[in-house]
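Structures are listed in the sections that come next.
What follows is a pair of complexes built around subunit A, which joins subunit B in one and subunit C in the other.
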Partner chain A sequence: MKSNFPSWSVVLFAALVLYPLFPAFDQHFFNVTSRSLGVELPGLFLFAILALALNVVVGYTGLLHLGIAAFFGIGAYTVGILTAPINPFGISFWAALLVATVVATLAGLLLGAPALRLRGDYLALVTLGFGEVVRFTIKNLPAITEGPKGVSPLPAPVLPGVTVDWNTDYRPFYYLALAALALTFYFLYRLERSKLGRAWVAIREDELAASCMGLNTSRLKLAAFAVTAGIAGFAGGIYATKMTSTVGPEAYDFNKSIFVLCCLILGGLGSRSGVLLGVFLLYGFDYILSPIIDGFIQASGLGQGKIWQQFSGWRLIVFGLVLIVVMRVRPQGLLPNDRVEEELRHAPPATGV
Partner chain B sequence: MTPLFAALDTQALTQYLINGLSYGMLIALVALGYTMVYGIVELINFAHGDLFMLGAFLGWTIITAVFKVSPDDAVLGPVALLVCFVIVPAFCGLLNFSVDRVIYRPLRKAPRLAPLVSAIGVSFIFQNLGLFWGGPQDVDFPKLVSNKNLLGLDATVRFTYQDLLVVGVTIPLMIALTVFVKLTPLGKAMRATAQNPTAAQLMGINTERVIATTFILGGTLAGFGAMIYGLTINSIHYQMGFLVGLYAFTAAVLGGIGNIPGAVLGGLLIGLVRSLGSAYVGERWTGALIFAMLIVVLVFRPAGLLGARVREKV
Partner chain C sequence: MAALLSLDLLRAGYGPIDALHDVSIQVSEGEIVALIGANGAGKTTTLMSISGVVKARSGTVSFDGRDITRMPAHEIVKLGLAQSPEGRKIFPRLTVLENLQMGAFTRSDRDGVATDLEKAFVMFPILRERKNQPGGLLSGGQQQMLAIARALMARPKLLMLDEPSLGLAPQIVVQIFDVVKELNKTGMSVLLVEQNARMALKVAHRGYVLETGRVTMADEAQKLLHDPRVRAAYLGE
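Here is the complex of A and B:
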C-alpha cells in the first residue's frame, strides 16, 4: 500500500506552529471573548492525542473501549507523584513522562489480558468497570494520591534553552503539546501501515477470518490495548504538568471516556483526520465556544443564573443529540475512513445471531 | 472471644445481610429492565439508569409540588404514595417505549454500535433534563415511609418499614414478571424472540410488538425501582442514574445477561457485596469491590453465573 503522508496534516501543523508568531490575533480574540486561543489550544491538542489513542482499539481493531480516561489518569498521576516537590522522588518531567507511558502501557496489558476472553458488550463493560476501579483507587489512596484534591503543585518541565516562565507564557506548553500531537500522529500514521496496523484492521473486519489466516488475534488485541493505554498515559502526563496538578479523580471519570468516544464517532472511526475534526468540533464547542457564549450571555444580562439560561447548561443535550443524529444520518462519521464506510454500507443485520 | 461478643457479631452480620438484600432487590428491579431489553434486541440500554432517575424526580414532584405533602401527614401521604406508584411506573414505561420507537427502532438493521451510541446520547439528554428538573444539588425526597424498626424498638436487628416496602413491592413484581414470561402468550412470544428473532418472525410473531412490550415492562420496573429508591434513600440527584444503572447492569451481566432469574441473583449479590464490603472493608471501597467482582466473574464465567454458554456461530 503506497500512500504519501497526508498533505492536509502538514499544512495544518504548519499553521498551528506559526500561530503563536502572530500575537496580535490572539490578543484581538482575547479582547472580544476574554479568552486566549493560545491558552486553550494545548488542551485541545492533548485531547486529540487521547482520541487518536482510543482510535487504535475502537477504530482500527473494532473493540468497544469505555475506560480510556483511566489510562489518561494513570499517566497524569504517575507524572504527578514522581515530580511533585511534596514527594521525595524529584524526578525530572521528561523521565517521569517516559515512566508514565510505560506504567500506562502495563496497565493496558493488565486490563487487556482478562478482557481478551470476552466479546463485544462484555468487553465494553469490563473496560468501563476497570475505569471505575482506577478512579475509586485514586480517590481512596490519599496517602499517595492526595485523594479527591489531587497531587499539586507540579513543577514545570526544565528544557535547556527555554528561559520563559511556563506558567505565565502559554507558548512552551503550546509547543510541547503540539509536538506531542505531531509525534503521536506520525507514530500512528506509520503504525497504521505497518504489519501490526493492518492486522488490527483485519481483526475488525472479520476476527475469525483473521485468525484463520494465521494471525494471533489475542496477542494483537493485547497489543492494541497496550498502545492505546500507553499513548493515553503519555497525554495524561503532559496534562498533569500543564495543569500543575493531577486535578483529582473526577477528571478521569466515565464522562471523559465517553467524551473521547464521542469525538471518534462524530469524526469517523478509524480515520485519523476524522478523529482530529471530531476533537476540534466537540472540544472546541465544550471548552472554548460554550464558555465564550456564556460570557456573552452574562455580559448582556440575559442569564439570571438559572442553569437552563446558561448555554453550557445545555451541553449534555447537545452531545446527546449529536450522537443520536450522527448515528441516524451518518453512522460512518463526518470524515470517514473509506474501509469503515464500505463496511457500514454492507453491514449485516445487527440481531440475526 | 467472649460469647457475648460472638453473639453481637452474628447480629451485626444479620443486619448487614438484611441491608444488603434490601438494596440488592432494588438493584435487581433496575437490572431486570436491562436484561430483558438485552435479551430481545441485544442493546445495552445506557439510558436505563437515567430513565430511573427521571422517574425518581417525577415522584418527588408529585409528592412535594402536586400534593404538597407535609412530613407527618397521615392521610395525604399514603394517597400521594399510591398515586406515585401508579403514575411513575407508567411514565417510565411510556418514556422507554417512546425512546425505542423514535430512536432505536430505525436502527434495528444498523451495525451494533449505532443503537449503543444512540443510547448513550439518550442518557445524556435525560441527565440534562434531570439537571433542569432538580438542579445540580442533591434533592431531598420526602420520607413518607418511616424507618422505624418493625421488630420492636429495642430489638438489636433492624427490619424497618422501608425494608418491608422494598420486599412488599419487589417480590410480587418479580413473581408477576415470571408468570407473565412463562405463562402468557406474549411472554412466550418474548422468549421466542429472544432465542431467534428471525425464526420467531417466521412463526408469525409480531417481533416489533414484543420489543415494544419489553421496553414498556423494563421501564415500568425501573419506575417502581425509582420510587423505592426515593423512599428508602431519601436523597436523589440528576447523576444518580449512572451509578445505579452501572450496578444494575453489572448485576444483569453477573447473572448472565438476558436471563431473568440471573438478574435477580446478580442484584442480590451486588447488594450483599455492597453491605458486607462497607462493613468489613470500608464503604469507600465498595464500588471498586463490585467492579472487581464483575471482572473476576466475567473472566471465569464469561456468560455470567446463570447464563448458558452460547457458542459463537460462524
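Here is the complex of A and C:
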C-alpha cells in the first residue's frame, strides 16, 4: 500500500500559508463574530497535532488511550514553568519547547512501562486514571504550578533578528502553529512507512503472530506510547505560550481527551487525513462555527431571551447526534485508512491457539 | 547426532491448568520431526513454549546448544527458530510483501533479506504475482504458503509448522507437504505439528505422539505409521 505524499495536503498547506496574506478576506467573511477566523485557526492547528499524536497509539497500534490531555498539559506546564518570569529559570521558549517534548516523552514511558502489561479495557482505564492524576497533581501543587489559576504570564517567543508582535497580531502564532503541524504531519508520514510503523500495524492486526515473528511487542507498544506523549507535549508547549498562560488544570481534563478521541473516530482511525478532517469538523464546529452562529442569531435579533438564542448552549446536543449518526452509518470514519476499513468490513475469523 | 532442539521434562500451561506434563522431545539437524495428537493434546502449547510465547513452568528448552527456556520470544527468533503459527495468522491488511518483510523483522542484513525474498518468490511464484495485495485476499492455500514463506524470511535453522494442512483441500495439502520435503532436502530442520497424522508421518523421519499433555509414543515415522495403536487412534483404521 505505497502511496506518494498526498498532494491534497500540499495544496491545503499552501492555501493555509497564503490565507493571512489577505486580511480583507478574513475580516469580510467573519465580521459577524468579535474574533476572526485567523485568530481561531492556530488553536485548531495545535489541536490537530494533538489528534495526530493520539492516532499513533489508538489508530496505528490499536490501543485505547483515554489520557492524552495529560501529556498536552505536561508539555504546557513544562514550558510555562521554565519560561515564566515569576520563576528563576528564564529559559527561552524554543529550548523550553524541546524540554517539554522530552519531559512528555519520559512521562509517556513512565505510564506505559507498567500500564502496557494490561490489555484492552484495563489499559484504557489506567490511561484515564493517569489523566486525572496529572490534573489533580497540577491543581494541588501550587508552589510549582500555581494551582487552579495556572502559570502566567508567559513571555512570547523570541526570534533572533526579527521583531514581531505576538500579542495583537495573530499571524506569528498562526505560522508557528502551522509550521509545527506540517512538521508533525511529515514526521508521521515518514514514520508510518518505516519499519516501526509497519510493526505497529502488525501488532494491531495480530499481536500473537507479531510476537511469533520476533517483534518485541511490549517495547514497540511502549515506543508508540512515547511518540504519542512526546508529540502531545510538543503541542502543549506551543499552546501555553500562545495563551500566555498554562490556563489551569481544567484545560487538560478528561473531556479534552475524549474530544480528541472523537475527532479520530469521526475522521477515521489510523488515517492522517481523516484525523485532520475530524479535527476540522469537530473543533471547527465547537470553537469557530458555534460562535459564528451565535453572532448571526444575536445580530438578527431573533429569539430574544429564548433558549436557542445562544446556539453554543445546545451545541453539545448536535455534537452527540452527529457522533451517533456517524457510528451507525459509517463506523470506519469519514476518510478511513484503507486497512482499518477492511478490518471493520471483514473481521477475520477467530482462530484458537 | 547432536540435537538442534531439545525439550527436557517441559511443563507449561494456562492459569491453574498444566497443558504439558514433562514433555521431552528432540529434533536433530536436518530432520523432519512430526508431533501428532488429537485436539487439545498440547501440540500448539508445545510450539508456543518453544517460541517463548507461553512460559515454561519447569523443565528446559535448549536450542543450538543454548538454554532458551526463559528467553523472550523476540530473541528466540533471532537465534534461528521461526514458526508458522496455527491458523496461519498472516497479517490480513498488510500486503503480501509487507507480510514477508515482517518475517524478516529481526534481521538487519538488507542484502540477505533481498536474497531470501527472491528465494521465497521462486518457491511460491503466486506470492510474487500477488505481492502488492493485502494478505487477507489470498486463498487459504496461498495464505499457508505466505505463512511458511514469512517464517522462512527469518532465515531459521529450525522451522516449526503448526497445522499447515488445517482447512485446506487435499490437493493443496499435498503441495504444502511437497514444499516441506523440498525445504528439508536443502538442509532445513522441521518440527511439524499435525492432526493429519498420515501426511505428517509420511514426510517425517521421526514422530512423537502427544496425548493430554504427555508423550506416549516416540519412534521412527515409518514404524509409527505401521503401529496398530497409531493406526487405530489416528489413522482411522
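Convention: the second predicted complex is superposed on the first by the 330 of 353 C-alpha atoms of A that agree within 3 Å, B and C clash if a C-alpha of one lies under 4 Å from a C-alpha of the other, contacts with A are read in each partner's own complex, and residues count from 1 in each chain.
Here is the rule we go by: a contact is a pair of C-beta atoms (placed from the backbone, for glycine too) under 8 Å apart; a residue touches a chain by one contact, two chains touch by 3 or more.
Just so we're clear, the structure is a prediction, and the values are computed from it rather than from any experiment.
Student: Output check: A:Leu208 vs subunit B and subunit C. Expected answer is one of first, second, both, neither. What do you get?
Tutor: both
Student: Mind working out whether A:Gln298 is in touch with subunit B, subunit C, both or neither, as first, second, both or neither?
Tutor: Once the two structures are laid over each other on A, A:Gln298 reaches no partner at all.
Student: Would you mind checking which one, subunit B or subunit C, touches more residues on subunit A?
Tutor: More residues of subunit A are touched by B.
Student: Determine, under the contact definition given at the top, whether A:Pro114 touches first (subunit B), second (subunit C), both, or neither.
Tutor: first
Student: Touching A:Ala199, do we find subunit B (first), subunit C (second), both, or neither?
Tutor: The second partner, subunit C, only.
Student: Once the shared chain is lined up, is A:Ser9 touching subunit B (first), subunit C (second), both, or neither of them?
Tutor: A:Ser9 sits against neither subunit B nor subunit C.
Student: Pick one for A:Tyr122: touches subunit B only (first), subunit C only (second), both, or neither.
Tutor: first
Student: Subunit A residues touched by both subunit B and subunit C?
Tutor: 208, 351-353
Student: Over in the complex, which subunit B residues touch subunit A? Could you list them?
Tutor: On the subunit B side, the touching residues are 38, 41-42, 44, 103, 106-118, 120-125, 127-129, 131-132, 135-136, 196-198, 242, 246, 249-250, 253, 257, 282, 284-285, 287-288, 291-292, 294-295, 298-299, 302, 312-314.
Student: How about subunit A: which of its residues touch subunit B in the complex?
Tutor: Touching subunit B: residues 64, 114, 117-122, 124-126, 128-130, 132-133, 136-137, 139-140, 208, 254, 258, 261-262, 265, 307-308, 313-317, 319-324, 326-328, 331, 344, 347, 349-353 of subunit A.
Student: Which bits of subunit A are touching subunit C when the two form their complex?
Tutor: Those in contact with subunit C are residues 1, 195, 198-199, 201-202, 205-206, 208-217, 339-340, 342-343, 346, 348, 351-353.
Student: In the complex of these two chains, what residues of subunit C are touching subunit A?
Tutor: Subunit C residues touching subunit A: 44-45, 48, 51, 53, 72-78, 82-83, 85-95, 98, 101-103, 105-106, 132, 134, 136, 150, 154.
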